[in-house]
Structure formats: structure tokens, C-alpha cells
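In the two assemblies presented below, chain A is common to both, partnered first by chain B and then by chain C.
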Partner chain A sequence: MAAKLERSEQALYTFATRGHRWRFVRKYWPLYVLSIPGILYFLIFRYIPLFGSAIAFQDYNVFKGIKGSEWVGLDNFKRMFQYAEFLPILRNTILIGLYDLVFAFPVPILLALLLNEVRAMLYKRIVQTVVYMPHFLSWVIVGGIVVGVLSPSTGIVNHLLSLFGIEPIYFLGENGFIRTILVGSGIWKDSGWGTIIYLAAIASIHPDLYEAAQMDGASRWRQIRSITIPCIMPTIVILFLLQIGNFLDFGFERVFVFLNPLNSDNGEIIDTYVYRAGLVDRQYSYTTAIGLFKSVVGLLLIVIGNKLSRRVSGEGLY
Partner chain B sequence: MNKWWGYGLTLALATSLLAGCSGGGKRADPGKTESPSGGSQTKPQDDKGKPVKFSFLIPTTVSSGYHTRIPDLNKDKWVLKLEELTHTDIDLKIMEDSKYGVMFASNEIPDVVGSIGGPGSKSMSGSVESGIFMPLDDLLKTNAPNLMKLIPKAAWDTVTYDGKIYGIPEFLMNPSRRATYIRTDLLEKTGLKPPTTIEEFLDVLRAFKKIGVDTPYQMRENFKYADLVLGAFDVLPYKDQFELVDGKVQPKFFDSENMMKALNVYKTMYDEGLIAKEFATITSTDFTKSLDAGKAGMWSQNASGLVGYRTNVTRAIPEAKIDIIPSPKGPEGKGGYFLYSPVVRTFYINKNVDPERAAGIVQFFDWMVSPEAENFFTFGIEGDTYTKGADGKIDYKFPQTKEEQEEESFRSGTLWAVHDSTYNKLRLELNEDGRATLKAFDEVLSKEGLPGIGFYPELNTFSKYPDLAAPQPDVGPKIIIDHMVKMIYGKEPISDWPKVIDEYLSKGGKEILKEANERWNNKDGAILIENQ
Partner chain C sequence: MIMTKGQKWFNVFNMLLLGAIGLSMVLPFVHIIAQSLSDAVAINAGQVTFWPIGFTLGSYKLILQDPSIWIGFRNSVTVTVFGTLLNLLLTAMLAYPLSRPEYLFRRAVLLMVLFTLVFSAPLIPNYLLIKELHLLNTLWALMIPMAISAFNLFVMRSFFMNLPNELLDSAKIDGCGEFRIFWKIVLPLSKPAMATMGIIYAVAHWNRYAEAVFYVSDRRWIPLQVRLREIVFTDQYGQSDVTSELLVHLSPEGIKMAVIVVATLPIMLVYPFLQKHFIQGMLVGSIKS
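Entry: the complex of A and B
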């Protein structure tokens, strides 16, 4: 609600004359000065490097540079689509991204709602800290832990299974388990960290709303459904749209640490392929083409998602 | 007053910075611009003349070690001593080999660049082909008589591009580096003899399992350092393991019959629990941990690791006895591991270096194979790291701490650019484990190892089909490794191997074979690596 109102007010505000505008700018000049570093940052580190994407259409040679390298048109893109494993890799990337969106995205919201209901402050703080912790571990360490926990000979999971008379399972050696492991380890590592924004949004809800609801005899459950969730909805939508934009960027490290010949049929994604073909083999043009492809898909998804969201909920990124 | 000083200083700094930045073009003639009296027109090799001045980049594979602890490498005592001995003025830099791409892209290329492997290596980013470095044939002929005499032909061939020598190699006289290790104390318990064939090898592993050895043979992901059986059947799927069959070059894994036999042996080992059930996910860290904890009965490793294993394993198990044995042979009497490329590192000279300095640089490398150099790099400085007895016997202060070990490996590894790096004989002769290592090299390794054909620079088709190219010299192509692992785990029948070859051919292998055969027939950077 609040966000909507502000936006329409902004849109209505027009300056009568040029002088008005200048007076306005002069009055708030420190704000304009403050914005300069941010603008420069985006220009220098985000917009100018975009021109480097030109090498996706070249046969790039570091010694000749962008100016001297030969232009090859869409050859690199053609090669990408002709690669025999490209479809399975794209399929894996999309499926893993989808699972991540469906299963991992709601977890921080649930966790934040649950944490919000905890009465004992000390207990709440401790739980919060404990669920944050894994975020600060690198994927290499998380990978090591997961491989250890799931090991068929020494892992605790298989030890527990054996108590029920189940034969040890080589979880990382099965195509069927890899996506679950990838998404699950992500939930374990990052969902606690993801609660921060939601908790902040919940904290900013006006207590009056809850008091009024209590007067009307609403239960806790009813308050969550009718007050908390609607109030944090804009936050959820924005984070959801951002997540959609990163749909194909599942991340290289977190997949790479789990891949082996027995599970790569279902586990290899675009990022790990780019690593293999590009960084190990120094094929700058080819991998830039793949990266460009990913960015364009991400951009399309954001535009479509934003349109849909504005139509359905009235909220959007822009 | 002070303020003006400040301005002046800033200005001076700024100009010197500018000069530094634009130095690339003018650098060609530093002898004249920088000599104070202008009178030093003497040749650089003349002892009384000005020292030969050049910038020097040495590669490493790790981001830690002695050089990272030194604030200014150019004031390091080993570098200073090296300059004194060789009459040079070196501006030394050390960088991880994997970061060379960035260095080349920035176009600030030092006078001398060292790199791991030969001219076609990935870290060189095609710089040799692009003419960044100078051909050295004439310089070597006049200035490096010792190198010309000492370095084997295969090593020169590896650093040759388009008919000209572009680099000075750190070389291997004996390219057989890897060996089969066994816990002799456990073997004595079983009452068996050291295995000489694959059948005996399996029997020994079974006996190990019976007496409770945790891991009879230590495996590792991607068959790295776990390729004893592949070697015995001569089907190693590595980069330099092409072979001639009926006059045509093809990868060794095309030999379906032997490959299937080798895979069956691995499958037997897997089924009987002679190797870890999860070998597909055993990383190099797990591998080292398992070995150091004394869990393995047999394993494959570099022979130079013998001293380390004897120290580490006896720390965990005091009665452990570790030896290198001849590798078990396959049905055709072959065995061992792949022969390394004869070139370990290569050192290139920037084409912008003037001929006079280039000659001095070549002499600098030529000095490195002299007895004086050998003594310096091995033992260091007299009175500091070693003392000499009256009889001329050297009393070397062995490094004790990790820091001292790193310092030693900086001096005798990183800094000793050009020499035969098979082993450091002077150093190994000093103690018993070292002498055992020498013996293993001379009596075991020199008699085994699998020759193969390799391509330097690499085949172009490799970068076109990364799944079909070996990502590292000792790891097979992804498509091959994937099928091998699946077959051992029983997910695919081993009898399907001929289909794997068909798949390889249809996914780009045909082009690879075509290029390989053209290169071999034209003698264009195709190198036969064999035991000397």
C-alpha cells in the first residue's frame, strides 16, 4: 500500500519552471554529491565493461586486443548450440534453478515467520545466530562436510540407515540424488542468512495493526495470514523478481565441489561447463558468448516476471 | 619551505612513474642511457663490466611459500647471491602460472618469462605463436655450449615452434617419475613376495584385505595417481599417450581389448573391496590423508616422495616399512606409469631485449648447469647453510621447520631455473632415505614407464572439443573418464567399450585424429617421449 502511494505522488510532482528545479537541486545538493560515487561505480564497473562483450563475436586474441581480433559473427553461438551436451546442460541448469526457486526461496520466509513468533528473546537470538553461521563457510568447506556426511563408509547418514538394516547408499555416486543434494546444501547454507531482510520487514510493521487485530479477537495464526504476510509481500515480490533474474546463475563453486563422473549427467550446469571449456582452456570468446546468452535470458526473465507481477499484484521492480 | 619540497618530490615521483610506464619502447638500449660515465661499452659477460640487467618472471603453482613471506624479493639473500655469482642485476617476480593470462592481457611482459611446460601451454596464451618472444638458435650456439651439450633432443624439440627454438627448458633426463609403493612390513606379514604381474598384484591385495588392511590399493578420483592397472595394460588415456598403430597415430585407449581387460581388473578390485567403494569422490586431500595415516597397502606416487612417506607414515605407524618396487606387469610385459614430458619449465626472452643483453641472459642460464651453480642451489651459502670440513666434505644444515623447507625449495626448486630436475643427486646422497630414492630412480624407474606421442604446441582440435582433450597431462578426457568410472561401478557394461570409441569419434574425435596424423606425418611438433 505505502509503496504504491509514494510512487504516485512522485509521478505527480512536476516543477513549474526551470528556476524551481534549480532551487530544488541547490537545496538538496549534498544528496546529489552523495550519489556521484554510486553513479561512477555503475558506469565504470558495470556499463563500460559491457563493451567487452564484443569479444563474443570475435576470435579474440589477447595480443591483438579487441581492435585487432578477427570478427566471426555468430560462430561462437552456433558452436554453443551445436555442442552435443548443450541441451542436457541447459536442462540441468533450468531444472536446478527451478528447484531452487520452488524449494529454497520460501524457506527463509518460513524461517523468519517462525523466528518472529518465538517469545523467549535469548532463545531467538541463539537460534538466529546458529542459522546464520553456515553462510560464512565457503562452498569448498560445505562441500567437504556434505561429502563426509553422505559418505557410504564413514558418513553419519549411512550409519543411521544401517541401524534400520538399509544397505549403505553412495549418495554422490547416483544421478538421482545430485540435484537434491545441490538444492538441499544451498538451503542449509543460505536460508538463515536470507531471513535477515524478512525479519527487518516484519519489524517495520506498525504494532497498531496487531493491536487492532487482537481487539477483534484474531488468533496468532490469523494475524500472520492477514497482517504479517501481506505487509512483507512487497519485499517478497522484489526478492523473487531479483531471484528470477539470476535464474541461470546457480553458481559455479557449489556445483563443482559435488560433481564426479557418476553424477555429472544430472549435475553439470552452464557455469561448470564454462569453467571447463573456458577458464581451463582459455577460450575467451566462446565463454563470453555463453555468458552473454545467460545474461540475455536473465534479462528476458526479469522483464517478463516484472510484467506479470505488476499485472497480478501491482508490485514490480520498476 | 617544506611544502615546496613536498611538491618537488611528488613531481619527481610522477615523472619517474611516467618514465616507468612508457619505458617499453625505449628499454631496448638501457646500457647507454643508464651508465653513469658512459664509458662502459664492455660486453656484459666481461666480469669487470656492468652487470647484465633484466626483469625475470618465475612461475609457481601455489600462492604460498617462501617468496610470499619476503617483502622485497630483490633484496632477498639468495637472489643477491645469485646476482653476485652470475654478475647480473635481476628484477625478480614470482607469479602463479595460472595467472599468466592476465599478465599477457595487460601487455607488461618482463624481459625473461618462465612458464610451466612448453611453448604451447595454456598459460602462455599463444604468446609464442604471436611473436612476443625471440628465437634463440643463434644465441644458444654462441653463448650456451653447456646447455647445447646437456639438454636432450626431445626437450629441444618440445620448445621448438615453427622450426626455431623459442625457450630454454628445465629438463628431465629420466622422464620416468612415478613409482609403485608398497608397505614391506605388511607384505612380510602375508608371507607373499612383491607382485610382479597383475595376477600377483591382485593376490597381494586380497592377502592385505585378509590381514585387515583398510585400503589395499589407494585409489583417487579420475584415476590420478591410481593408474597402475591402466599402465600394465598400456591404455593410459593421457595427453602424451598417443601411439602408432599400423602407421597411424591414435590414442592408447583405442586398444579396446586391453582397455576392457584393465577395466575388468578395476571392477574386480571394486567388487572385492580391494579399493574404496567411493573412489570416484576421493580427492587429493583424502588421498594424502589416507596415505599419511598408513591406511594403504600399495599406492602409486612420484618416486621423489619416498623420503616424505617414510617420515610421515612412520609417525603414524612406527613399524611401517615403505619401499618402491618394480610395477606389476600386464600380459604383454608392459608396466609402470606414463613418461613425463621432458620439459618441466621453459624460459623465454622478450623480443624487445637487445642482442647484447640477450646474450648475457643466455649465459646466465648456461651457468646454471655448472658445478658452481649446482653447489649454490643445492647447499646454499658456505657458513650459512653449510660448512665444509677439512677433507672438503660438505656438512649441510638440513631444514627442520616448514619455513626452512620452503626456503630450501625456493632456492633449489624455484630459483634453479635450468638444470636436469630428475633428482638432486648431491642432496639425496647425504642420507639413507635419499640414497634409497636414488636407487629407485636408477634401478627401477629407468627400466619402466610407458612411451607415447605428444603434441607441442597442443592440437588445435583439443580446444575445439574440450570434452575430448585431457584437462591435465595426467588426467584423461572427460568423456573417457566418465565411461570408465561408470563401467567400474557397473552402471554400464564393460563390453560396451568399442561404443565409447565410436562416441569419441563422432563427437569430434575424427578431427582430432586427422590433425594428429597430419602433425605426425609433417613432423610438426609431434614428439615421441621415450626412456633415454
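Entry: the complex of A and C
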């Protein structure tokens, strides 16, 4: 993105010699001084950990440090795929990511299309205000609300189920429900918020298109299908690509708050496992290998997704 | 516009559907507030739906007597206020040079920042760094490591790039130094952008949970969200010095729900401002990319 922008700006200044260039930097030195803290921040807090990831190839020992620890090559990565423990977690991460893509991704698009059809402006605004709200709550609070609503003894859902003669269900205590709860709570929290970007895309469609369509006698449904959806397609593609790139990044908080021994078989994902096995059980090198694996896959997904999208639709992230 | 019968039905159906979706966002709250205000008998019998039964403020009294709630509250407020100030200062200081053509390292720095968006380091090396810097179990661990968000940096840079050049030029002609231009002209002109970004950063600080779990285990420094999770999910509420007479009439569920209400309240109070500013900020960001 930025790279694209930069190319056009480049070569605003050309310098005959190094001396000229240096004198120019000296002239505008305050700009360079201002940027130092920010650059240091990125170097220290983003790049040092990146180099620190070298411990994935070591048998890291806290007392020996990175310099003194023994190098073991790809052993930690081999262990990942040999140990029976990791594979179910990889499976959970992929399945939850997939469910999120299939079920959560389309919801804001549908919601935006429905909102766009509302002609009563006040009603539209009230609905918007209400559906944006959950986005601002923390995952802990969303988790708390889910606990309250799904509680087997006191929650409203089981209350309703009992009206149909169904025995109370402890939803959070069963492996069968956890993935639904994880994806569903995300839909509840963020799909209203997700409509903003689509509504903005819809608002930028030229009204002439709709007028011409109406002249030709196109129904509202036909207008949605032939004008609105094609016009917001680029936005959909770009957000889809971003989502693909974050496929394994479902998020630590939103899973961790719901996780308990009764549902962790289906609920534990890479992020929560890295915390438990890494920080709590102190298997530093092994879990760094897992984290690195995740980051590399994420990068590959972005690159592949971008290539595919360029081939299919001509749209890409960069 | 003339509507056919089918379109009229669609309109009615659409409004009802959206109304139902809206209700699904509101009703859980009503349910929770109702429970937090009900007594144990009604809650345990599963009678409470959307209206309190056996009205009592006991759950709230109990929570507000719990000192750990107040400690969490204090820590969260501290991190939110100072963390946000740090965010704004550092983000603006880096975004401004990046918006100026006279800054020759622009491309290199932008690429460096962009790379962190697509490839991030795993948890453990981050943890070891925080530990090495002696930031573990301090509130600094919840402020410094997240001092600049790459995404917000790009948004602020594009805002600075859109400032009218004539203003900067005339200031230079008047003999203003670069620092003065930044401090006296650029920042005051950017108040709306800074407000938007400040709110984005502040909500993130208030809601932050993961980093607190990773980096802070000392009970004196845990933020509200961590305490909240303990109470709601592991039933560790109240302290030994709480009068047991209060507990008799209260249900654990009611107490949990009261904690949720208390923690949600600050966000609800600022929500009207949030909504307005957030949407502006989000749109600026999307136009940019």
C-alpha cells in the first residue's frame, strides 16, 4: 500500500553528490530528530523480538541466553508435527478460522445491503447505533454476557429451551458447542461494525446508475444484484484478502476467556496453546517455533491470496 | 418512488428483520441488568428474564466493597490516560516527518513499519524482551510495547499529508523553525484527527486483556479486565472482609452480572462520542488504503 504511494513521490529531490545530500539532511535536522523515538520503538519492540525468534532453532536456556544456548536446527519444528499434542490444536485453529470465514465474513455485507434498503432514515440510524455498540466492549465483557445468557441454571437461553421441555444445557462446558460460541460471539460483537466500510462503499456508488436502471424498469432486487454488489466487489475482495492473511490469527483473548478444561479439546487454538505451553510451562523454544510457523504461514497466505485475486479480478492488496 | 406490492412487503420484512437484529444486541444487556438487580431466590428459580424480580442493590454493594475491583479500576484508568498520551505523542512525532518530502528516509521507514503489519514476532521473544527490560509486573508493560500502532501511524500520516502546504510555507517564511511548525501549527490543526485517534487508542487500552495476562501477574498491577475475568469465569468474587450477611441474599450469578454492568458502564457513557469519532477515523483509514 505505502510502497505504491511512495513510488510516485520518489525522486522529488535529487542530489549531485553525497555532500549535497548530507547538507540537505542537516538543514531539516528537526524532522530527523522527531522521528528517532518512533524508529527506536519499532526497532526495539518489533524487530528485536523478530531476531529473538532465533530461539526457535535452539534449545533455549534462560540462564545461558541466546548466545550460550545450543543450536538444534529444525528439531523444534519436527517435534511440532510429531507430537500428538499439537495436531488437534492446528486442526482447531484451521476449523475455527474456516468457520469464521464462511459464517462471519458475509454477515456485515448482508447487513449493509439490508440497511441500505431502509428508507426511513431515523429508523436506519437507530439500528446502526445499536449494532455498532458491541464492538466497543472488551472480549472479557462479551464473554461475561455470553456466560450470563447461556448459564444452565439462570440464563435466558436455557429458560427458553425449558419452555419446549428441553433439559438445561451447559453450553460452555461441552466440546460440541465451543466453536459455535467462538464464531457466534464474534458475529454478535463485530458484524454491525463491519457494515461501516461496506456502507461507505455503497454510498460512493454514483446515483445515475440506479436512475438509469429504474428507467429500464429494474426491480430493487435487480438493482442490488446488478449494481450494488458489483460496485462493492473490490471492497469485498480486499477485506477477504486481509481476512485470509489473518486466517490463523483468530485472536488470543476471544478464545482464552471462554476456555476451560471441559471445552478445550475443540476450543484450544495456536495462540492459547503457545501461552499455556510457552509462558506457563516454559517451553520457550518449542512454542517460538510454533509462533514462527504461524507467522510464516500468514505471510504466505497474504502473498498467495494476493496473486490469486490479481489473476481473477485484477484487484490486489499491493 | 412508486413501489410495487412486493417491494412494500419487502420493506416491512426488512425493517422487522433489522429490528430483530437490533434487539438481539440489546436484550442480552437488559437480561444482565435485570439479573444484577434481582435477589438470589428469583435468580436461582430461573424467573428473571428482562425485569428484576425481588429488587436489590446488594450485588452492587458487594462489588464496590471489593478492594481488588478498585485496584483494577485505578490501574485501567492510569494505563488508559498515560498510555493514550504516549501513543499520540509518539505516533504524531513519527507520522509528521513521514508526511514531509524533505524527510529522505521516508521509504525505508515506511517499509520497515509495513513489514511489521504482515509479519509479527511470536509471543515468547516478546515476553523475553519485556522481561529483559525489567518491565514485567509494571504498568509500563501495558503502555510502552504498544506505543505505536502501525495502522494508526499510516492514518495519521495521510492526515498530515492533506494539510495545506501554504500554511507550512508561510510559517517558514516568517522564520519558524521545524520544531515550532510541528508544535504550534501542525498539532493544533490536527486536533480533530488527534481526538479520533486518541479515542481509538484509549478504547484499546481500556479493553486490553491479553498483554495483561502475559506480562502482569502481580495483584497490585492487574487491570480491571483481568479481575473481571476472574470473577465472571472462576467465581472468585468478594473478599474475606465482606459481610456474610450480604452474601446470604445474593446469587453468584447476580454478582457476576453486576460486575459486568459496572465494567461496561464507562464504555456506555462515552459511546455517543465514540461512535461519531470512530466512524470518521475508520473512513479516513479506508480511503487511504
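In the analysis below, the second predicted complex is superposed on the first by the 250 of 318 C-alpha atoms of A that agree within 3 Å, B and C clash if a C-alpha of one lies under 4 Å from a C-alpha of the other, contacts with A are read in each partner's own complex, and residues count from 1 in each chain.
The working rule: a contact is a pair of C-beta atoms (placed from the backbone, for glycine too) under 8 Å apart; a residue touches a chain by one contact, two chains touch by 3 or more.
Remember, it's a predicted structure, so these values are computed and weren't measured experimentally.
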Q. A:277 contacts which: chain B (first), chain C (second), both, neither?
A. first
Q.
Going by the contact rule set out at the top, does A:207 touch chain B (first), chain C (second), both, or neither?
A. neither
Q: Considering only touches as defined above, state whether A:85 meets chain B (first), chain C (second), both or neither.
A: first
(Q) Output check: A:73 vs chain B and chain C. Expected answer is one of first, second, both, neither. What do you get? (A) neither
Q: Figure out whether A:61 sits in contact with chain B (first) or chain C (second), or with both, or with neither.
A: first
Q: State whether A:261 touches chain B only (first), chain C only (second), both chains, or neither.
A: first
Q) Touching A:151, do we find chain B (first), chain C (second), both, or neither? A) both
Q.
For the overlaid complexes, name the partner, chain B or chain C, with more touching residues on chain A.
A. C
(Q) Per the contact definition in the header, classify A:134: touching chain B only (first), chain C only (second), both, or neither. (A) second
Q) Between chain B and chain C, which residues of chain A are contacted by each of them? A) 147, 151, 153, 260
Q | Residues of chain A defined as touching chain C within the complex | A | 1-3, 6, 9-10, 12-13, 21, 24-25, 28-32, 34-35, 37-39, 41-42, 44-53, 55-56, 111, 114-115, 117-120, 123, 126-127, 129-134, 136-141, 143-145, 147-149, 151, 153-154, 156, 158-159, 162, 188, 192, 196-197, 200, 214, 219-220, 238, 245, 252-253, 256-257, 260, 271, 274-275, 278-279, 284, 287-288, 290-292, 294-295, 298-299, 302
**Q.** Residue numbers on chain C that touch chain A, as the complex places them
**A.** 1, 4, 6-7, 10-11, 14-15, 17-19, 21-22, 24-29, 31-32, 35, 43-44, 46, 48-49, 90-91, 93-94, 96-98, 100-107, 109-114, 116, 118-129, 144-145, 147-148, 153-154, 177-179, 182, 203, 206-210, 213-214, 225, 228-229, 232-233, 251, 253, 256-257, 259-260, 263-264, 267, 271, 274-275, 279, 282-283, 286, 288-289
Q. Can you list the residues on chain A that touch chain B in the complex?
A. 61-64, 84-85, 147, 151-153, 168, 170, 172-173, 260-262, 264, 276-277, 280-283
Q: Note which residues of chain B are touching chain A in the complex, please.
A: 101, 104-105, 122, 125-127, 130, 132, 221-222, 276-278, 280-281, 462-463, 466-467, 469, 471, 478, 481-482, 484-486, 489, 491, 507
